[in-house]
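Chain naming follows the written order as A, B, C and D, and within any one chain the residues start at number 1.
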Amino acid sequence: MSNNLLSVRSLKKRFGGLEAVNVDKFDLNKNEITSLIGPNGAGKTTFFDLITRFQNSDSGSISFDGKNVTSLNSYKLARLGMVRTFQLTRVFDRMSVYENMQFAGSSINNEGFLNSLIQSSSLKNQEKLLTEKINETLELLNLSEMKNAYARELSGGQKKLLELGRSLMKSPKILLLDEPLAGVNPKLSEQLLEIISNLNKNGINILMVEHNIDAVMKISERVVVMAEGKIISDGKPDFVRSDKNVIEAYLGSSDE
Amino acid sequence: MKKYIIAFFLLAISFMYIFLSNETGGARVFVNLMTFAGIYGLAAIGINVHFGWTGLLNFGHAAFMGIGAYTTVLLIPHSLGREGVVISSGLPLPIAILVGIVAAALLGLLLGLPTLRLRGDYLAIVTIAAAEIFRLLVRDFENLTGGVYGIIQFSDSLQNSRPDFITRFSESYDISPAQFWVGMLTWISIIVILLILSRLKKSPWGRALRAVREDEDAVRALGKNAVLLKLQSFMLGAAIGGLSGIFLVFNYGTVQASTFVPVLTFYVWAALILGGVGSLGGPALGAVIFWVIIASTDSISRFLFESPDGQQLAGVRFVIVGLLIMFFMIFRPSGILGKKEELLLDVK
Amino acid sequence: MNNPLIEVNGLASGYVKGLNILQGVDLVLKENEVVSIIGPNGAGKSTLLKAIMGLIPIFGGKIYFKGNELIEIKSHELVQKGIAYVPQVSNVFQSLTIEENLEMGLWSTKNEHSNLFKEIYSMFPILKEKRKERAGNLSGGQRQLLALGRALISKPNVLLLDEPSAGLSPKAINEVFQYIKSINESGVGILLVEQNAKRALSFCNRGYVLDQGRNAYTGLGKDLLKDKKVIDLYLGKL
Amino acid sequence: MLEQLGNGLLLGVIIALGSVALSLLYGVTRIVNFAHGEIIAFGAIMALFFSSSPDSSLLYLDRFSPLGINFLTSVILSILLCGVFGGLLELCLFKPLRKNNFGNIAVLVVTIGLSIFLRHIYLLFASAKPTSYILELQRREDYFGVQLTPRNVQVLIIGFAVMVLVGIFLTYTRTGKAMRAVRDSSDLASISGINSDYIILVTWIFSSMLAGFTGIIQGVINNVRWNMGFLILLLIFAGTVLGGIGTSFGAMFGGFIIGILVQLSVGLEFMDGHTEAKNAIALALMIIILLVRPQGIFGNKDRIS
């Protein structure tokens, strides 16, 4: 039990007549890159929304880091260290790259109305300390040159990087990446994969939804396959790759 | 820089127009206009915190202005318009003003709690409805608010504090000293509040509000309480609105249910859009230019009608207000001072 | 016989000016053909269909339908000309009944309706069974059939399909592909975007592989399926 | 209580009709139209202009005198004019905004400007005083314990009939179905061969005619004023929100409830002497509904987040 960072039990969500998610049991081990794959509409993003509390589940329970978070607010869950990105990249368009990072990194305390009004020297110091971390992270992501650009001026791939960088400013325990490689060119994809795998080596757990099967198989320690809201296969990449269920539902067989 | 030069010229032309079109009493007209402009500008600064900073649609500003005004006036010596009985006891004015501002902020809290979780256009409907509820209640509960007869004889609390030199200065230029004092206090408040706001805007809090304006879900994903931030912004803007309402009734010297009608809110919005949504000084500048336009509408009325009555004067004024709102929203949504990069065209 | 139905030359398109997702794509669909478009996510497959259908602005290149250039395309006029499109998501009117959905597909035609309904109903008996129900209550597979029915009822010459198998169970996928096959056999040219690349390539006559908004590989479906480079890049070594 | 029921039914029918028109427009175009009240007033004022006797002292900019034609003809002409008016608004204002990708909020602010503009044009052209149509005065009679004039009863019957017709129109006609289709998804509608621009234009015309009709009913029951639309707009919003914004049936129902509630609350004991506050109660109810069930009674949850 103590090895499970995240554990989900009989989680259900329906939309009208459609059973979007129905997951009996899902545990996430520490220090692994886990990938969630499956055809479009299999419920991966809904599952993401449910465990990050962006949507309410109909029934079931979620616990994170030993705490029951089934009905916790999404932002509180993020404070506990579960940080997500979005399938359609969500950067703050009319703020600069640097401000995007600043907002992510600044403490909730400093964002308090009174503290911001008074602007004590400790607040100013903390904001300065932030600068270093921002510069480091931007360096890591190769975004330093775009530091002062409005976020909306970035290319699709750069926005993905910025969103990742923003999440890193939170020093998360677990990062949930929703299609980090979607719309990213092969070269940048390589780079992103390397960054993700390095993050994992530095102790950040990764759970990601991704369609790029090659990338998934290369980087993940564990692959979970969803179809029609259910988990149909779960295991090491090699196991999943040869699982008959998976081939039928997702990878597709060439014999017609 | 170019837009500041344009703004400067607009102001200069406006003021020249006032003095040229009023050969006698130009100073009086100028002070009257600047006082109203200051009050509306202050109110617009409040809405700017809501809309420009946070993306919240508040169309019930009249309620915040009204609750600030009524609370303050009822706490100081006053008399109800119909009965004329003077209630001479009360709190000292500064404390009453403070309570008025707090009351406005609390109304913001009350309205914000249920509605800030909803989509933007719902907030617009709810705030306009809340302002109407406020007006109807004020009108109906006559024994407290004076209803349509209103409250009178409360200005002394403010005018007693007027320094002698103001009075002497006013008299030598044929200006109403009472109005000059209100106007001066209003513009001093604007400067103080803008200083505070410019500090807040650059602070982590101000940054967080802008992030909320851009994308609430992303804010939440980063562990920030978007609803709390919106609530704080809503209360701050409401408080500023409350203060402007207080100045408004001291400028009139009376307050009735009809002072805080919905069109008041629309006037303020027009000033905001004119000056530039999101910019710091834009709302105040917008209010000045707005009032110059309003003042010059009377000559349009005289052109259209031989001897315009009150109805025609008001009609022409508001026709122009409506046109201004539409015109700027469509062709220059960033207003005179707004940043082009922060255009609000695509706000959903 | 083998006249081109749709011809796309150097098409550049995207949602916002200056950010072209398609950067010069060429493509030909001939009569009676099934042509599939595959490629990694973000390659511009769905965007290509949307651009042909006039749903997003075109910034360069040309599109021909039966030899005539399409200028300032309006989607609803294309339907009259004989192009039908089944989008990937929100492809049925949820609050309308099945019958009303099909009726919407007939909006632009002045044909005798009752026969067309009969045809569709005999092709998809499940739709007849549920014709008075709201489309929002259908399962994913049934929705896909309804979407097909809605597109087919206007008797198109060309059918654009955007990932018809997405989110369906293996059984439903088989069913949908059976239908697509028989639709094609009835003389409708099909342009198929599929994520399930192997299935698509083994199903089609010819295939186009897109990458980053450009043509990467083109060829007969069965050749592409064996092409080592294509396997390496997009099919995986499964 | 019962003596207010008659008034409640009358107000209910006005608000229900207004809500249907507003809700239909919102559903198809996503525009929260604050100028809706001004279209309502336009119908009422035009009917007044057509039907009042030429020598009556209506202002009309001191230059135009009323036409003094038959009331029924006036009503029909006014409703048609409202349709033209709505169509022109779409073609000259809202369609260009849509083509330039204006966001919903920007359009909302534009409708507020439009509302102020139109309302005060009416103030300039028409009388500021409440004015009645030239219809004979009638005495109230007892209908099953409800007090109404014979004309009130006619108005109620016609109002209900129109709502039923609207329902039939939306459910069974080709255009009605297409309106619902565009409401579901305008992209899917256009790839089905429906010209969504055309449907939106039809919706504007249809909704404006309905609004004009609402205004005339309001004028017959009460009177005509330049700001009559704005005065009732908030109650119409309340009705729409109560029923669930974007659903026509919900809007009808919600509007009706609001109307009856507003009038019945006059009879409540604690409301004694506070007649003005009756509208406040309906508006407060709207806020409470938003708090507990933001999608309204019949609304769809997807439409609110």
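Points to keep in mind about this one:
As a working rule, contacts are C-beta pairs under 8 Å (C-beta built on N, C-alpha and C of every residue); 3 or more make two chains touch, one makes a residue touch a chain.
Just so we're clear, the structure is a prediction, and the values are computed from it rather than from any experiment.
When every chain is reduced to the mean of its C-alpha atoms, the one closest to the centre of the whole protein set is D.
If you average the CA atoms of subunit C and of subunit D, the two centres end up 43 Å from each other. Centre-to-centre separation of subunit B and subunit D, using mean CA positions: 31 Å. As a whole-number value, the distance joining the C-alpha centres of subunit A and subunit D reads 48 Å. Contact topology of the protein chains: cyclic, one closed ring where each chain has exactly two touching partners.
Applying the touch definition to every pair of chains gives A-B, A-C, B-D, C-D.
Contacts from subunit A toward subunit C in the complex involve residues 16-18, 39-42, 156, 179, 181-185, 211-214, 217, 227-228, 241, 247-256. Contact residues of subunit A toward subunit B in the complex are 52, 54, 73-76, 78-79, 83-86, 90-95, 99-100, 102-104, 106, 108, 110-113, 115-117, 119, 123, 127, 150, 163, 166-167, 169-170. Looking at the complex, you find that subunit D touches subunit C at residues 174, 177-178, 180-181, 183-185, 187-196.
Looking at the complex, you find that subunit B touches subunit A at residues 196, 199-200, 203-208, 210-211, 213-215, 217-226, 229, 232, 236, 341-342. Put simply, subunit B touches subunit D in their complex at residues 55, 57, 59, 114-115, 117-122, 124-126, 128-130, 132-133, 136-137, 139-141, 262-263, 266, 269-270, 273, 305, 311-312, 314-319, 321-327, 329-330, 333, 344-348.
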